[in-house]
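Which chain is which? They are A, B, C, D, E and F, in the order written, and residues in each are numbered from 1.
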Amino acid sequence: MLHIVKKSPYESSAFSDAINYMEQNDIMLLTEDGIYAAKKGGKFEGALKSLMQKNAVYCLVADVKARGIQESEIIENVKVIDYKGFVEKVTEHNPMTWS
Amino acid sequence: MLHIVKKSPYESSAFSDAINYMEQNDIMLLTEDGIYAAKKGGKFEGALKSLMQKNAVYCLVADVKARGIQESEIIENVKVIDYKGFVEKVTEHNPMTWS
Amino acid sequence: MKFGILVKEGPYMHQAIDSAYNFILAAMESGHEITGVFFYNDGVYNRCATLEPPRDERNIMKLLTELETKGVRLIVCVAAGKRRGIVNQTVCKVEEISGLGQLLELCITSDRTITF
Amino acid sequence: MKFGILVKEGPYMHQAIDSAYNFILAAMESGHEITGVFFYNDGVYNRCATLEPPRDERNIMKLLTELETKGVRLIVCVAAGKRRGIVNQTVCKVEEISGLGQLLELCITSDRTITF
Amino acid sequence: MSEQEKTKVMFVCRTAPYGTIYEQEAIEAMVMFGAYEQDISVTFTGDGVFSLKKGQDTSLLGKKNFSMTYPILIDDFEISHIYVEKESLEERGLMEDDLATEVEIIDRNSLKQKMGEMKALLPF
Amino acid sequence: MSEQEKTKVMFVCRTAPYGTIYEQEAIEAMVMFGAYEQDISVTFTGDGVFSLKKGQDTSLLGKKNFSMTYPILIDDFEISHIYVEKESLEERGLMEDDLATEVEIIDRNSLKQKMGEMKALLPF
């Protein structure tokens, strides 16, 4: 499955709820305010890194740029993709949105 | 000040943000989905009890009843008030809403 | 005391307007004055003239019109309204549409400003 | 692949419709088919006919109509719409209003259903 | 229609009742979906479990008590399953006895598996 | 108008930008309020601090970049103070250097005191 997270992890339980539901081979897409989970030095860096030991995490470039996050500020191994990449992920995995 | 919390503590940071801003003599009103913070046996019982060592906490009877919480299920010392009580608290304290 | 009310969420979707309505009734019953209700953000949808809720549900449009009959001033932010389509043709009462200065006015003239 | 889209939030207030719009464009560019966009909850507000956003902002109504011109089917839930005042007089196109069965239809006929 | 031909759709209810309309409009959708002879299931997780709390009395709020519909979803509206996540109940201090209707309480791992079998997941 | 006669109003900005419109409509209100010669201040706390992140580029989203207005709020729109909560910045791994404009970074305790002096608090 593709777990789409669109709320800030600081403000909403969406990110941690999604993590709880991730199985082997599942992937996560951080979009909208969800992208703050991918920012280096933030409170959720540990949680994200531990998730990435088993699951791939993506974030949407349009949302990252809008919020002023530079690629250098994104946690290593989080892959930055565009909407076409988002579409491709949906073809590969059934989506569930956490908001 | 009167800190009005209207989101569920499980889903939103409103409750913990409000706690961070409570000063001596400030009070908290749990309303709408905020009332779940006042439920016995829930994850936030400890946080609420520790807050109540210094600050009074109220919850709105209309919201408590709507959600099926019985008075016996409410954490001790949380005072259940009606809308008139809510109005009275606003006359005594300047309100700030956390949602 | 004088209370100013700010409503930031739309009808049915959030409980904000229900809480505000019950608060206003209780405040008036206790002898307080409501200086006005300012609708901002999605709050402007509360004054959409075409709400048709199911018959077994409360009619928020009617509840608010009832408040108005009791003398409560309702103010719909013109900018937030336009962005969302709550304009002259769609609002309950054209006279309610006004600018953000009215919200500041509420803050100035009220003893308390409460956000729902 | 065939994609069905569910939009649950209103325009401007949330980013949902912007994300959905960009997703749909990208999907079509990649050769996929959009079986339809179903507007539920506050999502119905996206098809309000009187949106007047400031000139320096995107016009969500126009973006959606543009999608429709490209053949994307837009469906406004009749029940959610009535409750919020999005009815025959206020919706962009009366033909778009339909029942919840259409959402299930999207789930059945699409390879993927994506919620925004 | 044979079981294999049916489309499996799951409502994933994650929101508390009354503070927002999501759960009420979710149940309105469940009731409609039930009429189409597909395989519709409902899961309550996170704050969604609060929707099933028994003893809801909305008279003071003036809102409709939509929780009355949950107990008849399966028999009257052809919903296949109502699942409630065990971990979410526990975190909120709720027990089976607190719920307004009979449900299948299952743990998160079993739920993940069920979600994986769905064609469409509708979060509310 | 003398300072004492002015009404003290504070915007309390707690939301991240773009995911919702709250911060954009908050800034639209700030700009209008500035014209009325009252004592208007703005506080960023919680996710609100993200609104001030520098380098915002909304071109791919098609949304308006409203962060350009923050740097001129004080000089052009007569806002008295822009406060940013130190603890919220730290929790999010942000430093003063990450912000798009000059602000007063103060700790939570000082902010509580300032909030206590306000006649009206407007949360966004």
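Quick note on the criterion: contacts are C-beta pairs under 8 Å (C-beta built on N, C-alpha and C of every residue); 3 or more make two chains touch, one makes a residue touch a chain.
Because the structure is a prediction, the values reported are computed rather than measured.
Undergrad: Within the chain touch network, how many edges lie on the shortest path between chain B and chain D?
TA: Minimal hop count between chain B and chain D: 2.
Undergrad: Averaging each chain's C-alpha atoms to get its centre, pick out the one most distant from chain C.
TA: Using the mean of the C-alpha atoms as each chain's centre, the farthest one from chain C is A.
Undergrad: If more than half of the interface residue numbers appear on both sides, call it same; otherwise different. Which is it for chain C and chain D?
TA: Homomeric contact, same residues on both sides for the most part.
Undergrad: Pick the pair with more C-beta contacts: D-E or A-F?
TA: Pair with the higher count of C-beta contacts: A-F.
Undergrad: Which chain has its C-alpha centroid at the greatest distance from the C-alpha centroid of chain F?
TA: Using the mean of the C-alpha atoms as each chain's centre, the farthest one from chain F is E.
Undergrad: Express in whole angstrom the distance between the two chain centres, defined as the mean CA positions of chain B and chain E.
TA: Result: the chain centres lie 27 Å from each other.
Undergrad: I'd like the Å distance between the centres of chain B and chain C, where a centre is the mean of that chain's Cα atoms.
TA: 24
Undergrad: What residues in chain F touch two or more of the other chains?
TA: Chain F, residues with two or more chain partners: 14, 18-21, 46, 61, 63, 119-121, 123.
Undergrad: For chain B, which residues are shared contacts with two or more other chains?
TA: Residues 6, 10-11, 13, 32-33, 62, 82, 94-95, 97, 99 of chain B each touch two or more of the other chains.
Undergrad: Residues touching two or more other chains, restricted to chain D: which are they?
TA: Residues 12-13, 15, 22, 41, 57, 79, 112-113, 115.
Undergrad: Can you identify all of the chain pairs that touch?
TA: Result of the pairwise touch check is A-B, A-D, A-E, A-F, B-C, B-E, B-F, C-D, C-E, C-F, D-E, D-F.
Undergrad: Which residues of chain C touch chain E in their complex?
TA: Residue list for chain C touching chain E: 12-15, 18, 22, 56-58.
Undergrad: Which residues of chain A touch chain D in the complex?
TA: Per the touch definition, chain A meets chain D at residues 4, 6, 31-33, 62, 82-84, 86-88, 90-91, 94-95, 97.
Undergrad: Could you please specify the touching residues of chain E with respect to chain C in the complex?
TA: 18-21, 61-64
Undergrad: Can you list the chain D residues touching chain E in their complex?
TA: 4, 6, 8, 40-41, 79-80, 99-101, 103-104, 107-108, 110, 112-113, 115
Undergrad: Residues of chain B touching chain A in their complex?
TA: Residues of chain B touching chain A: 10-13.
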